[in-house]
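Shared between the two complexes below is chain A, which pairs with chain B and chain C, respectively.
Coming up: the complex of A and B.
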């Protein structure tokens, strides 16, 4: 067969398929972006409706009302809300998050700590995915067995625990009693944690509660799939149960698992703020704590925008996994 | 677009003798937390030992960062946390149950509920609490309670709606619709009474979630302010002295941990036995 014949046979369908896939991806992306936009609009509006603003919160003692009014003008707070929102939101895609109440660029404030938080949250996320899939599959391998009940009870107990309670337990066990790991994080010159050992406890503290929740999600999704006709057929065909679990149940359960795990991104990022405070980790937690004291709206809005973007991205990935699995089997 | 992971429970036979042992620890601990202040041996805010003093005869759990009795503060510190978590759980469950019943019957309202939950998920709870506490300086505990309600309701509405969805296709709802009953009658008189076990389980889970959000806010010093005794605040305040008197940090951690875990196990025991599909995919 010549090359031209190949092209003639395949190009239109491949092209068509590519267009359909791109269209579907674009649609999912557009939906997520729209939701993020609405969230940011709501957050921005809520902040504006509050009594007091950054100009009065950062004022020094003894500043007159005229001084505060002058700073309000300088920070642009005397212009209509919707103009400021529009300027802020159109600048976001260019990486400009606005100016903090103290006159620094929010992007500069967040550029060093945000990657650290992403490193912490991302590692915990990866650990959660692996642990939840492993434990969930192990529990589902023999429903109602001892392993299933122990994992069920442990995961129910684990997902109720706030991260800082887990942190205190880890701190006692791994640092104070055994002395294996450093209790607080020290940073190297570039502002990142000096050693990977400092990541161990914060990552575990974040991963334990989320693993508890997601193990239940995985277990429940696998149980749902166990009733599917093709799984029952595989059992009747006498296939080994491990093979049925991994090759027949797991693929069908994947969309529900992906969405379940994706929804814990927000909890991971939120928990990271708390855990960072306890372990003195150089992430956005420290920046946020300062920003709250100053009522520094642009900084907090910037953090909400960054966190929202990360969560949207993970949810988009889950959407794609769903679309792929459900699209292949209509 | 929307997948609800209502991980409630596996179907299992349900009877009171089976459930009671699993619910009792949560109930007892809640009661203990609320009655704790009556048992406290020392005043809440009077230093009686050296800062971070080790446990001895007069202070069983030692002293905190100002030398106040850890045990007394521990007994005082749970009531407000449990009380506000109960309030949040009650209000969220009530709101979500009513809204969820309406949402599942009215497509427009249902779409709104879906969209709100989709958007609310983009805001991590901690950031949401920070925003509302910021919006309401001096709001203290009330601000945190308001935040927990606002952030918890959208997801809870979705849980109720997905549990109620199969019911709307059942005969008695169709019969009531055909006989021209009003939407509120359908939602509150026909649908609601059939969701008892889902509502009970939701209440338990919301209580756990409320303990989580409120204690996290306390830890971030957003809710109760010093010198108030609060378990989460105690952990934050006494963390620097963990080497000198570990009990000042460990005791409130154990208290929060026990409360969260026991209530969660109780909620799990109360979960509907006919959960059907545990993970609803739409």
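Coming up: the complex of A and C.
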């Protein structure tokens, strides 16, 4: 973008630049949509390959083979998988996610859990970003110092901890032993957690391992930048090291940091399956776990579509940040 | 999990726990006074309060239709509090009255007339008519699961007669027909449109305040025809796992953890502020041996296997002691269960002799297929394998994922574990799993003498003759069926001590909360 920057004052080129950016975003978006489409096709195919189907999984035990066949027909499972996929995917743009094997609309099944998971994942994500940046910068401020070594060890340890272990530790320490926080999430009439205190432990359980990972990323990216000529020049100019860190190292490190944090989105949503179950948090992770047991394709695909859309969006933002900082083609 | 007619529950939905929804109810709910099968100290019930109940369920499996296949215990609980069934399970009798105050068969036991309880009204105040009941039963019968829930009763043979009588005509003589109406015959108003089913008024002890994502709040029905309800409200919270549910109870977020299972009970046993409510005969976890063909076709081999198992050790280790030893006859909660048939005990010498007589191949290794669908099931297979080894029989435990198991092993395999939630009758198990050609004849069993005893039981009106035939049936089952039933797991609810009047019957019994009260 450097050449366009030189002539940035001229309106036509501003217009041109806007078009280029829009084009790039559209291209990126199209790529992500295509990936999501392929992913959903794979989901349909994978469920098809599992033994059993939704008709038998949701049947009463007393049902005869004929009863189950009737249910199979009722659910449309007697038609080829690619037709079912096509019908489902073409209805998707209208906001219709189909019907669960037990007769509930998938949009109804997800209407409360999806915002809940966004709240949980979003809070954990924000906490991860802030904590990772703060810790990473703090560690990078004096490379090799005590703080750097402690943070390095702690973040490695935190990343190595599975969400399950963090959750159980939190449960024991903050709830069952001390009684400070509620152990499980209950909901109010609108389907959201009854109290914000119920978010604390699930958020921490998700954020701790991801903060560990991202602190390492931030620290490493800042170290790379420390060797950059302009940073060395700044040191020679005698600028305060904090200012160099924040003004000179950090901007250059942003692309790597953004990519690292963006990949955490997937990990956060993946971890949500475990964390939501342990804390009884009513999100899409729990919906997904149950739906797989039921071979309930529309529900599984609905969850994947929602989660996929969120992850795609975050990756898109990361791409844009990278593109903007590097001035390179994304 | 499934029991009888019922079977609201589908097979894979109970991945959580020793979750059985079996059956049960209150015996004399009319006066709202104490009932035989409930917990807590005696004393005058106090009025008021909100009971917070945790029940297991998966968000993906939510079902609002009272006639749908409820995979979630939480959904079934909510539905059972809002709607009434025609009859209900009982402690001293298999079937007790509910929305139907009584029933009478024709001489040939083919036609049954049910009388609707006096004063029964829907939550909006309109009286319940025979038309409403007949419509609801026909709607139930016309679901894909209908034939399994009301076997032998065609939709066209469900009719109303006058304002308060419903007539059910069975395709064959069936002395046990009222038992079929205990668990799924929820009554809605006639012609309720499909889109309003979830919000349709019921006749039950509680009215729906709100329902969202598996959780609900229910308010007392002030005008319940069966008497006074003590609680102001019930809040139901759905839990994905028994562990989370137990944690919620321990941290004071709920008052009752319904069907929490043995593991949670062990944790709670150390706490002085939690009561463990055991509901005996909740779940059968038999080992099934194929009788039609294969290595277990010889009845002597099956008898030997039944002598190899150490039943006390199984109950102690697999069920953590929360259960009782059984005697290879299914239907242990039945008031007419044959308690006089001698308890089978471990006898390795006799077993080895029988195996030798039957020329059983001891050089081979036999696969015992199991799942982890409910707590303890896979452990039961492993422990049995260890016990069999002591008798020189090599058993290899094969764990299958639930879907794979039901697709490939169930009803087909030579040797596998399975489970049934029950206080269902002996006859129920005979009809579903042992009579020649039964839909779930898990062991591929066909025994003319057994079939004859069964036909006699369901076709005989005379109590004494029926009892004789029923005993004969149990003796044959004990002698040579494909079931090795080593024990029965207790149903386990956990509650704080302020909760009184919780039901003690197995399975579905835990949902009957109308007599519960809170002390303050």
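To be clear about the criterion, the second predicted complex is superposed on the first by the 310 of 330 C-alpha atoms of A that agree within 3 Å, B and C clash if a C-alpha of one lies under 4 Å from a C-alpha of the other, contacts with A are read in each partner's own complex, and residues count from 1 in each chain.
Assume a contact is a pair of C-beta atoms (placed from the backbone, for glycine too) under 8 Å apart; a residue touches a chain by one contact, two chains touch by 3 or more.
As the structure is a prediction and not an experimental result, all values here were calculated from the model.
The superposition on chain A brings chain B into a clash with chain C.
In the superposition on chain A, A:278 makes contact with both chain B and chain C. Applying the stated contact rule after C-alpha superposition, one finds that A:176 touches each of chain B and chain C. Of the two partner chains, chain C is the only one touched by A:100; chain B is not. Within the superposed three-chain model, A:287 lies in touch with chain C and out of touch with chain B [touch as defined at top].
Of the two partner chains placed by superposition, only chain C is touched by A:109; chain B is not.
Once chain A of one complex is fitted onto chain A of the other, the partner contacts of A:157 are limited to chain B, with no touch recorded for chain C. By the touch criterion defined above, A:71 reaches chain C but does not reach chain B. When the two structures are aligned on the shared chain, A:312 is found in touch with chain B, with no touch to chain C. In the superposition on chain A, contact is made by A:46 with chain B only, not with chain C. Within the three-chain superposition, the chain B stretch that clashes with chain C turns out to be 45-53, the only such case among 9-17, 27-35 or 45-53. According to the touch criterion, the shared surface of chain A, contacted by chain B in one complex and chain C in the other, consists of residues 50-52, 171, 176, 277-278, 288-289, 295.
Residues 31, 35-36, 38-39, 42-43, 46-47, 49-52, 152-153, 156-157, 159-165, 168-169, 171-172, 176, 213, 216-217, 220-221, 223-224, 255-256, 259-260, 263, 266-267, 269-271, 273-274, 277-278, 288-289, 292, 295, 297, 300, 303-304, 307-308, 311-312, 315, 319, 322 of chain A touch chain B in their complex. Per the touch definition, chain C reaches chain A in the complex via residues 1-2, 5-13, 15, 58-65, 68-69, 71, 144-145, 147-149, 151, 210, 212-215, 217, 237-241, 243-245, 247-248, 250-254, 401-404, 406-408, 432, 439-440.
Residues 50-52, 56-64, 67-68, 70-71, 74, 100, 102-104, 109, 112-113, 171, 175-176, 179, 182-184, 186-187, 189-191, 276-280, 282, 286-291, 293-296, 299 of chain A are the ones that touch chain C when the two sit in their complex. Residue ranges on chain B touching chain A, taken from their complex, read 1, 3, 5, 7, 10, 115, 118-119, 121-127, 130-131, 133-137, 208, 211-212, 215-216, 219-220, 222, 232, 235-236, 239, 242-243, 246, 249-250, 253, 256-257, 260-261, 263-265, 268, 277-279, 281.
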